[in-house]
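What follows is a set of structures for review.
The following pair of complexes shares a single chain, chain A, combined with chain B in the former and chain C in the latter.
Right, the complex of A and B next:
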């Protein structure tokens, strides 16, 4: 392998030489390091701070508690990340998760089915919602922001129609005065309360999905193709990538992940709360945006998204423990997001950051 | 090189090796009546002394001292990455971080922004036409864009806008109808957009006009029109800096030529130009100016056959055989059907249904065969799998993945071959990438360098090399030399020859006669969707080619009627829009 050497001496650059390539000054490297590790450092500092000030913070229970608390957000955020890999975004994740909560409850309580059936129904619904988004974006060529915003309304409305606008709880009384035949089954509630070894099920799911998506995106050719679609769809198409297929896949994966997030929420709440999932969208988008900027990767990625979720969990838990009111949380999240975006767009040397909505059809 | 204003016989082009050696001096016949300034620079408008620019620790422009005089066209030459763009950016205020002094009319100025530069009378037309147009605004609003950005007229009046826009366009002798002026500028064809930008640049009545490769998107007839305009502007006393890779244009236009290499002014010569010397200054070594093939290879086997395919709505069906073992150059103006042919072969478009007259149900749509088998690719992937690859026309939009490394740009079409059970093997990717880099001498720091950091010519080498590494049966290169310097062009040409020697076929499509003559064994001239000429390069005269290429346009009173279906009042064209992508 003979790559012509390029040194700082202008002579060797030669006639067809390149410009602006040598950039190894200390300042540049330091800046790159800050962009790359800044977020990790902030997370560690925050953990250290809370661990010193609050003894309860530094327990294993609290660690798992935090991860469990954030798992639905993280998984929904991973869904948004999938849409972002192909250069899109999905605003319907919160609605999809809420839909999953109500549909799971409806299947078990009204339909009197076991938890396993409810889970399958919910996952199929998630895939269908993703397919609907893909249909609107890929086939009908509606810009992703608008298409998924529309889907969000449609899903929320559909959910309310199905459940008559009410939360569904076990053995609730129905409109005709009778009692609902079913209830939340133990196997469904296991999704939240169970654990595999010492690790709670939501945490296992969170970490397993993150690892799986990391492998898919970074190590397989399908992941590379997804990123290629996000980077330059036209060039990807000309390189033989089935662009529409990958975009469809990304939105369906997003729908599936959102419905998994919904399952975890439903199992945590223990009833089909109609308002569940309402706040999930903003958190999920925030987490995936943080994911773009951490580690200086500059594109949507799985571990970054997970780390973003963990950072928010640490912050929220820590704030609660040191006695800050719950409404301080949103301010904290806002600051985290702001810093993340500054890292992605302002301090990064990258010219192109692949983020949501950057292209439509 | 474009044809410029040369009649087919006149050597506006560089000399052929037969008559050229190191001391050959080329000049147009009738130099004197061509309007070139005959005296030394007298009326200096803008002068630079000791201007340097560095990006990071890298000095890309070093101690440049130059002056530009009124009524003169100064050509700026240099290979890709020589510092031309950097110099232009400093002059036009786009890069205020230069050192040294720039004087305008004898007074030292600080060109801190394009607006400030315009205020001092320096206007620039940058290379990318699309960047100069705001789609969504009307043509008139685009002409007056600088007003809209400024605060002089906070309230706009549509009627006044039309009047102002018409006045601005009249400077170029353009008479666009109100319908055109009210249309979305994004729908303008690229050559009209180029003229629009030029009109805008001239509105502020500049003293120095900078043009960066203004003809790269123009047909030669349109270029000729532009040249007439530039000559008129020169006669009016405008100083013009003209950047181009095309020697023919410079020979036709410029009064003096400045050669940059590695950020340093190598020479500043006056007409008549010594082209071999200029080339030597550009490349830093002796290179022959033209590169005509002593003899052409002749392909033996037919690799692909196009039968009765209609390229343009109004044109007759075309049939041709693409043979392995030869480089087929297809020469044609923009709109002659070149890109259509490339797209049909590469699976981007289906052959049109038969000729309009026979457009009944069941009319044959034209067929393709590949290696004797029927071939009907429905998408690029089908073509790639069948061994047909396309180097697309627009590198930035269709070729590269911005922000991705050289290696990942190269491996994108070969993800399947680079992986096992779906898992990517980076060793396979880097093997292929380093082969490409060394086969074409791509100048890059390493394989992980972002492709954006490479110069345009090297990016193009990456894209070409990527596709040739597929070991295709048929390689199609659509305008592969646009914005590519002569050294890179030679390397790509040599690589194509290597490819066809293995029995594969290569098709190069271009609107530049010299590019086609340089790389092709066999030459086809496409005019208005039909084959006007088909022959082997060593049996064809350059003038025969040029004659066929210009076709009807040569004798036509209106010089801009290269493409078919154009009607004289400049109407909103049915051409691909400027900014939107092609159909998916």
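Right, the complex of A and C next:
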């Protein structure tokens, strides 16, 4: 995996950054190195440990299997990351993904449309949900946590209303006694079950989206402006950044990413499972929080989020292979998140950590 | 600007890494010394045949949910039986997250076990993966999972028809034809769908007046059904009987009936049994008057025996159904039954200790 070079244009984050390192002692450099590479090291250690003890872990199949399994969580986590770049948070990602699953199923099974239409409908819905969040936060000025929590309930409720509280499956009986005309089409199921060369489609999407967002955030003026808004909206405004526009953009990007995560879930389940997406929110938020600290960057970033997701996939798969029950896996995830947050907030030399609108000094 | 405090990072990271590794280290030892559930297993009278006579046989058990009394007991029975047959079970629990179960099964197939057991799940989600496992030459046994293409798969289930029929016969005997009844269940689960078919037949034949139909299955089914039934009861306090064909739902229904002070006028009919269920049925003024029982521990064990016989080439059928019996509140009181162990004594047919057993593989429970 390519680790992105740290850009030097981090004045907006307000930290001394790498420039301070040249004058610091060896101890300080070692400390910074641990903050920066500690998580990568833990991930590599874990992978090495599982690869050594479990022959089935070290197969290419398993590598792609793990990445595929975590792809929806990672993509939703990248969505949360986008909201975090502007100093916000989005609690509606799980609901948006679940909405996407049901809407895709409805479009294909009840509406009898092909997969391509379902995908477009879902992506448009994702953008609309993001726009709704932006409307509540930017225009109605409701705090992000409360606004997106509200949206979460509204979307889950709307989904249940649309599908009468039912899971939509191919050839289901409708209220009037007839049978649903459509079914999940092969092109839609390809999103989960297909592969491009040897690489499963969800893995391709996961890596492509990560690379795209990395480029956007680290290599374009838009990215710098997003971070500027997250670090200090007022300063960004005075510097001429159109703050409201960037925040709207971030939430719409989040809605879009959540709906892509939902498309993958829908293709994996193969029916409009009403409970889909319920467990996605916490994992997505956890992944993006780990992402802030993983590479010692101290702010939301794409590769960090992706690495956080991979770490969770490695833990869940490895722990399962050695026979650890799921509740112990949650404990493991909790410890990793705890260590990540300690790195971000407690041990980091950086004075400003931009997470979920909370600025610590 | 204060000088940054110096913090021993390296030891901390080492600690974190060690903690993670230690965690996983614990796992293996605990898997080996996992306390076996209470067993009254008879000793095998013959040596294990191939493929069980060498290294442990690796079997992936892919579960939709392992939570709740029924599933916990089921898992305990499966583990106990696996231990007797020299099977190493790798268990995944999707916690009712169907996407997770698909991933679990996919990863199980990738790890090329000697066999796979799939416990519950959604047809549309799992059918393609099961077909893939069969194509990969991995023997598959499914439990309570409806398949559209069961070629090469051994299907097992509780006999849902016999379960629902037994309890509903009791319901008709108690409240008569034409009674006002409520129905609390969910669709999309193979077992519940099969029970629903029986229910619909009974409604038709006995001219039952269904005043409400509600219910759902979640990660906390019992508590999530209380508000639904509570509302339905407030609307229809004159309902005479409620059929709730899944014990987690039944418990929610009982709670809702009790909190509406309707225990004396509403009878609740459930399906499934566990120690916790027996406690609810035996409680004073409990509206839960009849349930249908298989012993989940015995079933979990019998599914593993099915697989073992299949791998040894001794299984003669491809669809195995485990029979159920109907148990009334009265029967439990008369026989002083307050736990499943006592129920096995009072109703020995539950233990399935003559089903699918051979001289090398006695029942574990």
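Everything below uses one rule, namely that the second predicted complex is superposed on the first by the 335 of 361 C-alpha atoms of A that agree within 3 Å, B and C clash if a C-alpha of one lies under 4 Å from a C-alpha of the other, contacts with A are read in each partner's own complex, and residues count from 1 in each chain.
Just so it is clear, a residue touches a chain if its C-beta (ideal position, glycine included) is under 8 Å from a C-beta of that chain, and two chains touch if they have at least 3 such contacts.
Every value quoted in this text rests on a predicted model; they were computed, and no experiment measured them.
Visitor: In the superposed arrangement, which partner chain does A:140 touch: chain B (first), chain C (second), both, or neither?
Guide: The answer is neither, since A:140 touches no partner chain.
Visitor: Using the superposition on chain A described above, determine whether A:48 touches chain B (first), chain C (second), both, or neither.
Guide: In the superposed model, A:48 contacts neither chain B nor chain C.
Visitor: Could you look at A:220 and tell me whether it touches chain B, chain C, both or neither (first, second, both, neither)?
Guide: first
Visitor: Using the touch definition from the top, say if A:228 reaches chain B (first), chain C (second), both or neither.
Guide: In the superposition, A:228 contacts chain B only.
Visitor: Return first, second, both or neither, reflecting whether A:196 touches chain B, chain C, both chains, or no partner chain.
Guide: After superposition on chain A, A:196 lies in contact with neither partner.
Visitor: If you stack the two complexes on chain A, which partner ends up touching A:212: first (chain B), second (chain C), both, or neither?
Guide: neither
Visitor: Kindly classify A:242 by the partners it touches after superposition: chain B alone (first), chain C alone (second), both, or neither?
Guide: first
Visitor: Report, in rising order, the residues of chain A that make contact with chain B in one complex and with chain C in the other.
Guide: Residues 28, which sit in both footprints.
Visitor: So in the complex, which bits of chain C are touching chain A?
Guide: 4, 6-7, 9-10, 12-13, 16-17, 19-21, 23-24, 27-28, 31, 66, 90-93, 95-100, 102-104, 106-107, 110-112, 122-125, 128, 187-188, 216, 218-219
Visitor: Across the complex, what residues on chain A touch chain B?
Guide: Touching chain B from chain A are residues 1-4, 6, 8, 10, 13-25, 28, 219-222, 224-225, 228, 231-232, 234-244, 298-299, 350-352, 354, 361.
Visitor: Contact residues on chain B for chain A in the complex?
Guide: Contact set of chain B toward chain A: 55-60, 79-83, 86, 261-263, 282-285, 346, 348, 379-381, 384-385, 390, 392, 397-404, 408, 412-413, 415-416, 418-419, 422-424, 434-435, 437-438, 441-447, 449, 452-455, 457-458, 485, 487-488, 581-582, 584.
Visitor: Once bound in the complex, which stretches of chain A touch chain C?
Guide: Interface residues on chain A, with respect to chain C: 27-28, 30-31, 34-35, 38, 41-42, 45-46, 49-50, 56, 59, 61-62, 65-66, 68-69, 72, 165-167, 169-170, 184, 193, 265, 268-271, 273, 275-276, 278-279, 315, 317-326, 328, 331-332, 335-336, 339, 342, 347, 349.
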